[in-house]
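In the two complexes that follow, chain A is the common piece, with chain B as its partner first and chain C second.
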Partner chain A sequence: MSEEKEKIVLKTAPFDNRFPNTNQTKNCWQNYVDYQRCIKAKGEDFEACQYFKRIYRIMCPNHWVEQWDEQVENGTFAGRI
Partner chain B sequence: MSLVYHPYHLVDPSPWPFVGASGAFLFTSGAVILFHYNDYRLALTGLFLIIITASAWWRDVIREGTHQGHHTQVVVRGLKLGMLLFILSEVCLFLAFFWAFFHSSLAPSVELGSVWPPLGIEALDPFAVPLLNTTILLSSGATVTWAHHAIIGGPAPISAPKGTQGSEGPLPSNGATTSSSLLSTPNDQRAPTFLGTDFRTNAVIGLLMTVLLGIIFTGLQAFEYKEASFAISDSVYGSTFFMLTGTHGLHVLVGTTFLIVCFIRLLSNQFTNSHHLGLEAAIWYWHFVDVVWLFLYVFVYWWGS
Partner chain C sequence: MKDFIKNVYCSLIRDANEPWQLGFQDAGSPVMEEIIMLHDQILFILTIIVGVVLWLIIRILLGNNYYSYYWNKLDGSLIEVIWTLIPAFILILIAFPSLRLLYIMDECGFSANITIKVTGHQWYWSYSYEDYGEKNIEFDSYMIPTADLELGDLRLLEVDNRLILPVDTNVRVLITAADVLHSWTVPSLAVKMDAVPGRINETGFLIKRPGIFYGQCSEICGANHSFMPIVVESVSLSKYIDWIGREDL
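Here is the complex of A and B:
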C-alpha cells in the first residue's frame, strides 16, 4: 500500500496564547498586520512571512482580507504597518 | 394668609409644568429638524419656552419659600431629597456615556487600528489646558465652601416674634416673620467678623470667585474645542469625547447659572445661617459637576490619551 505517499497533512492555525477568548477577530487582524509589517521589512518573497499569511488566510473572513488589501493599497488601512 | 394646621406646602395651580413639557417636546422635535434640515426655528422656540419656564417657575419657588414662608422643615426635607434624587439621575446619565466610552476604548475595534486613541486621532495633551481646568474646578469647590461657611457662621436670624418659629418652623402661619430673619442686617450689633471683614462680605467674595472660576473653565473648554484637531464626527473617539465633555460642559453652564442666581439672592439678603436651601442645592450640584470632571480628566483626557 502507498499510505506513506498519499498522506495529506491537515493543519489549522494553532492556539495562540495572546488571544484566549472565543472571539478571534484580533487574532486574524494581528496576523494580517504582522504579515504586512514582515513583507515591508523583508520583501514579499521572504519565506518566514508566509507563516503570518497562512494564519490570517485561515482566521479571517475573505471579504475582510479583500477590504484590507484594498485599504493597504490606498494607504487607508487602520493599522501601524 | 389663612392658618394651616400641618407643615406641608399645598401648591397653587401653575402653568409651568405644562409650558415646560411643551417646551421640552418642541425642543426635542426641533433638534431633530435642526439636525436633518438645518432649520433652527422650532428648536429655538422650544429652548425659549424651557428658559421661560425655568426662570418663572423658580421665581415662583423663591416667592413661596423666602417671601411666603412655605418652606417648613418638612418641605425642606422633601426638596433636599428631590435634589439628591435628581443628582442621582444625572449620575446615571453620565454613567451611560462613560459606559459607551469604556466599551469602545478598553478593547478598541480593528477598524480603529486596535489602538486608543484610534489611529490618526491626535488626543489633547492632558497636562496642558485640561490640567489647568482641573485646578480651576477644584479651586471653585474650595471657594464655594468658603462662601457656604461664611453664611453658616454668619449672624443667626433675628428671633421670631412669640408664637411663631421663624422660617424653619413647622407652622408657616405668618409670612412676615421670615423676611426679618435675614443674614446680616446692618443694625445687628452681634455681627461677627471673619478674616478682618464681616461674614457677608466673605460670602459675597467666595461666591463671586466661584462664579468667575466657572466662567473661566467654560471659556477654556470653548478654546479647547476650537483648537481640537478632531470633531464629533471623527470615529467613536470623537463621538464619546464630545458627548462626555459636551454634556459636562452644559452642566457647568447650568451650575454657573444656579450659582449666579444664588449670588443675586445673597446680595438681596435671602439666606440665613440656618436656612439657605437654594444655595445648598447649588453647592451639591456644583460638587457633582466637579466630581464628573475629575472622572473625565482621569479617564478620558489622561488614560484615554
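Here is the complex of A and C:
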C-alpha cells in the first residue's frame, strides 16, 4: 500500500447522441479533428481542448492516434483542421 | 489425488466450453440469461408443435379410425382459418420477445462506466484502458502453448495476460482490428462482435459474478485463427481499482 496512491475515478466517455450506432468510427474521428481544431484556434494549453483529447484517447485505437499524430506533424492529415 | 482435486477445481471455476457440449454455457451477464430464457421458451413452443403434428400424422396414416375420415376431405374453410391464425399467433409470441431482446442488446454500451479497447491482430488480441487520465494501460494477450500449460489449465484457451474487469459495472467494449477480420467472442457474456480494420464496433456487457470467462476468435483470420483465445477475468470493484493502481506502464 503506497501512500501517494492516486484516486481512480470510474468515469468514461459519455454516450454521444451524434453517434448512437454500433459503428463508433466517426465518434473517434470527430473528437480527434475537434481537438486539432481546438488547439489550432486556442493553443495547446487551452483547458477546454483537453475534453476532446480525453474522448478521442478513450474512443480511438492507439495505433490510429499514432498514425494521425504523425500525419498532422507532416501536414498530410486527411481531415480539415 | 491432489492433482485430481486441482484439476476438478480448476474446471469448476472456469466458464469455458466443454467436450460434446450441446447447450449454452452458464450465463455471466443479464443479457445471456435473457437469451437462454428466450431459447428455452421457443424450444418449449417448438416441442408442442412437433408433438401435435407428429401425433396427427401418425393417427391419420394408421388408417382405420376417426382421423382417417380426413383422407376423403378435400376442403374446409374453418380448418383453413384455424391453422392460419394459430401459427400466426405463435409467430407473434416468438417475434416480440426476440425483438425486445435485440433492442436491449443494442443499448449495452450506452451507460458505461468503463471503456476498454480491443484490437485483433494476426494472431493475438491486444487490450487497452484509457479512462484513467495519463495512466494508460495497454497489453497483448497471447495464447499459452500446450507445452507450457499447468495442471488444470485449458488447452488452446489459456492466455498469458487476461482482460481484467470488475463485476456489476457497465463496460463498453470498442473492437477493431489491425490487419484482417477477427471476431471478439465470449459466449457466457453474450458478446460476439466482428473486429474490422478501419472501423470501431461498440458493444458492452455487465458481468454479474466473479469468474473466468473464455472465448475464441470467431472470424476465420488465417493460419493461427484457432490459437487466439479470449479470457475475461471478472473481479470485485475494489480489486479492479487495486489492479489499475498497480499496473505501471
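We adopt the following convention: the second predicted complex is superposed on the first by the 73 of 81 C-alpha atoms of A that agree within 3 Å, B and C clash if a C-alpha of one lies under 4 Å from a C-alpha of the other, contacts with A are read in each partner's own complex, and residues count from 1 in each chain.
One rule holds in what follows: a residue touches a chain if its C-beta (ideal position, glycine included) is under 8 Å from a C-beta of that chain, and two chains touch if they have at least 3 such contacts.
Treat the numbers as computed from the prediction; the structure is a model and nothing was measured.
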Combined model on chain A where chain B meets chain C, clash or fit: fit
Partner chain in contact with A:25 - chain B first, chain C second, else both or neither: both
Partner chain(s) touched by A:13 [first = chain B, second = chain C, both, neither]: second
Greater chain A contact set [chain C / chain B]: C
First (chain B), second (chain C), both or neither touched by A:79: first
Contacts of A:48 with chain B and chain C, given as first, second, both or neither: neither
After superposition on chain A, the shortest CA separation from chain B to chain C (Å): 8
Doubly contacted residues of chain A, that is, touched by chain B and again by chain C: 25
In the complex, chain B residues that touch chain A: 109-115, 118-120
Of chain C, residues touching chain A in the complex: 106, 109-115, 117, 119, 128, 130-133, 135-136, 138, 169, 172, 174, 176, 178, 198-203, 237, 241, 244-245
Residue ranges of chain A touching chain B (in the complex, touch as defined): 25-26, 29-30, 78-80
Complex contact set, residues of chain A against chain C: 5-6, 8-13, 15, 22-25, 27-28, 54, 57-63
